[in-house]
């Protein structure tokens, strides 16, 4: 029934539009075409226009756009699709601030691997999917979305907005990191100093660690990217230096491996003691393990689940003053989540305003404030006190590099799967 | 000329005057469209470049949309880092073996229980048959989770499990993670399914067939081997087929239970995990399709085997009205022992996971009763530390109740459609036994089950973005269509076997009295095999209630269905709420099953003989 | 030699009593039919003797072996009772060929391959189904299936053969043919046959003795002709014989041991029994006079009736009469005769095979002749 109504509504709307156009057609003269600069029509044009607007102008444009859309179809809403629930909180704060958008912003939780086919299908058919999309996976974004021109980027400007180079096209929203976490009361605070310890090999001074716990890259795409990045030139550099410092001698290339990254990967995967199935529950369980505990590779943001527990050892046992965020080699992996607008968006000005708000101090606080492991692309927004700034993480971690992943994927994934399939 | 066209016209008219023919033709067309479409999409995908990411992976200047044999070649023959071997051949072999073990466990366990329930004087039948189907109502990973929680131990540094905390026994790692536990978890999950299918046949089977052998001095064992088994063989093979294809493509269980380190030698990477990894990455989608197709070919081989073994010649002779007097085998002294063993085993695998769901939903830290809390059920306040604003106690969450309502409604509609389709297909196949078209319809009806859920969903997702079908996008109608087609195989199997056992004369008697076709179906055929048909409705219902991966691409938002809310909560770390929802879904299914039982007198277990 | 003895056998299904306190002796080489309307407990009785059903109480002996004794807890499995069983729906195994079906029982007896071959061939020839040897049951007609079922049952040469309405699924012609075959078979095989049927004609023509049952209780157990000529009660009298016996309502009064005055069909009569009369309840309409159609002679006699219908069948003709008081009567005459409908006709109750029943107890209280 509902669908029939929908279809009827669409048909009626179309009839009206065509009817009006036909009526209008008779009255307008061709001369009109030459007057006044062209109104922005496509989403791309509107984004370009929005980038030149002040906040007040953008708000006015968004408000007018939303009101017009609602007038045409009362059911119109602004769809914000993302894997991160921070967007939901941003949306709630947004509606409080811009009261004219109340009840019109809808957050849809879409998991990455399950959302990509949806975006693909929408892109292929050039169809509406959402007004705002916040996604991860650089390779997918670049090759399937940006290159195809389906997702467009908007960068806010003005006071309070400051972005590092390379984070605006496409526009990064929030950056995440995945690091090695452990319970200091079980695993000594200073245990992990050098990434080569994770291969299980005993260096001159430090013990090899045999209790790493990682989610399998076969099920977790971010980890696959992390593993692939271990073979990148940057990683090769870091690993070679760390090798010398750990073993006290220069690295001698092993002909069995393409580079030191491949060798590290092989030894590291062999030494992983436990392939957990969920970062979340693993971080929660980190308290419970007896003896030497585990060194869990998980999103730093997962600490929020740990914090949710009422009975817990002091957070210092895991983080803040306690942790070593400067492991020789690398401490973990840094990757982005981009804030983008599909070219089929119905409310592009509102999309721009939404992104602007998300990147503002107020918006970031609403979405991710007070939590570990979330770093706004707007460098004016500071992370939680005990956390380190993004600049520091970028220095100590491997960073997702879409061009490297694109070029190395074929070979590296084969190698990784060979290691995992033994 | 004119007379010729007239006579052929008459022939067509005559052909379509028989409802069985009409049904056959209609379903042939529907199934062709609904099943062949995804098949072709998969096949095309496996032979073309799917997106620029894949073009980059393949290299050599290919573009998006180009035709290529690269995916097949790469996956089947690439020697670079033993790629074909590690990603395809070895996992395929191991997974096939694992699936076979799972089938053996399911068929043996389910079959034996079905035999005891239908053919012996076992006490506590009601209890066993009611409780035995529980594991099938739960998602398959629930059994895997229970398996881990039960057997894990500190010796393998996995925390203390139930067994260890109660008895102090530490089982070896290979019993907790890897190949064997996967086979067990899947086997136990699908055992109720085997029980339902085999039990249905056993119950409907003419007891005289076994009695005739008894009188001719065949031993119990020989009767089982030479008479009972060959007759339930079609049901057995159907079971094996369904369990095999479900097991081999099950992702959650092997992913969940593959936690052993690589150096332990206990690591088991299944073909489904490899497939998921391939499909999820934009670089290797086409290779993922190749795996999906190969898995289907496996199932098709079994399907062909099935129709070979149960050729027309050996088909059931029809049952006359006189098989009511089933004499139950006296178990004698073993009666009590067998009953106790069965009750314990069944209760263990069926009730313990429920208990573990309950306890998990009541403790803030898993297994730690000092953190007991009812908040995940009852809290009206959003949880502290949780990122979500809408996460309140599930019993107070309108989001969840609405989602649950939609799940139930969707499942009822899907079950009604799938069940009715299955019944009609069964009717047409039974009526037109031996006709090629009918055989084809019956086989195609099986296909939706063999296509991996995610691929199936993806095809319909793409369809909903296609001109002319856009009105389906994001609608519940699409979920309904996909569900009805996907779950039809259950119903068409039960429908066919039930119809096969009805003598044609039963309907012919009504034809003679000029009873219209609709009335014949609803007033005569349906009531006679009611319990079989109702289970043909209940199976899709249950499967639909706990289905997730099929719908996940098609729903507009996670709040759409109970299972997607569950998945969302478990993804965002609200394991307690997720467990609570799981329990709630099971309870809802049981309640609905109970209502159906009260209203119609039929139920899944009753269809087997648990009264 | 197998003689089957049933002592106080009772079978209860929860609340419903299927067979009550049945006592019966089946002598060696007898052909017994268990006869009665459906639901009378005849199949249950058969299945209990065969061991397919467990009696609630009682004792069953086959030959010298007690195969069932509720008190002693003896219950020998059907396979060890040395019997054959022919099922109503034949119960042929659909997945085995005709040959395999017949050979199955012999294999269980551990016969050698050649012996099995020989015996199966013998059975195939005997039942004239040689050409179907390699077929599956679904490829045979009902009659052919039936023969295969018989062959399968007879192949191991059982001493006792149980049959549960084996002919009920066949058409009339085939049924007649198979009946003859069965009777020959009984003579040829030296076995004891126990045969369940609801068809009285089948029971009469086949059996050496008929056991009539009603609602779980045995009504009469006698040779067929005895059952026909001297039915124990109204039920057996009514059940056996085609066309059925005429039942004439009467008021009877005992005159002496062997004589009773009757008031029936509007006239006074005297019933003269050969043996002393049984117990007769006092009162109006207290008796029923049972007259077989062949003892109702037309065209002479002092009774008058109207011709209601004539049903010629060639060899004999059944004539339906309507007595003045409305009672419908049936007469059978040899040959083809025809009467005008509604014409008045005289008739007489003739011969000494007339039965007098007590209406209350429904029992046969005397057999003799009727005089005016």
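Letters A, B and C name the chains as they come in the text, with residue numbers starting at 1 for each one.
The rule we apply is simple: contacts are C-beta pairs under 8 Å (C-beta built on N, C-alpha and C of every residue); 3 or more make two chains touch, one makes a residue touch a chain.
Just so we're clear, the structure is a prediction, and the values are computed from it rather than from any experiment.
Asker: Just grab the chain with the largest centre-to-centre distance to subunit A, centres being mean Cα coordinates.
Answerer: Following the centroid criterion, the farthest chain would be C.
Asker: Which chain lies at the heart of the structure, taking centres as C-alpha averages?
Answerer: Ranked by how close its C-alpha centre lies to the overall one, first comes B.
Asker: Where the centres are mean C-alpha positions, what is the separation of subunit A from subunit B, in Å?
Answerer: So the centroids are 35 Å from each other.
Asker: When the centre of a chain is set as the mean of its C-alpha atoms, what distance in Å lies between subunit A and subunit C?
Answerer: Whole-Å distance between the two chain centres: 88.
Asker: State, to the nearest whole Å, the distance from the C-alpha centre of subunit B to the C-alpha centre of subunit C.
Answerer: Each chain's C-alpha centroid was found; their separation is 53 Å.
Asker: Contact residues on subunit C for subunit B in the complex?
Answerer: 43-44, 47, 50, 52-54, 75, 77-80, 83-85, 87-96, 104-105, 108-109, 136-139, 145, 152, 156, 169
Asker: Could you pull out which subunit B residues touch subunit A in their complex?
Answerer: Result: residues 51-53, 56-57, 59, 78, 80-83, 86-87, 90-91, 154, 157-159, 255-256, 258-263, 267, 269, 273-274, 276-277, 280-284, 364-366, 368, 370-371, 383-390, 458, 461-462, 464-467, 470-471, 473, 475, 477, 552-553, 556-558, 567-568, 570-573, 575 of subunit B touch subunit A.
Asker: Which of the residues in subunit A come into contact with subunit B in the complex?
Answerer: 2-3, 6-7, 85-86, 88-89, 92, 106-111, 113-114, 116-118, 120-122, 124-125, 127, 137, 139-140, 143-144, 147-148, 211, 216-219, 221, 224, 269-278, 280-281, 284-285, 287-291, 294, 302, 304-305, 307-311, 371, 406-407, 409-411, 413-415, 417-422
Asker: What does subunit B use to touch subunit C in their complex?
Answerer: 206, 208-209, 211-219, 222, 226-227, 230-231, 233, 312-317, 319-320, 322-323, 325, 327, 330
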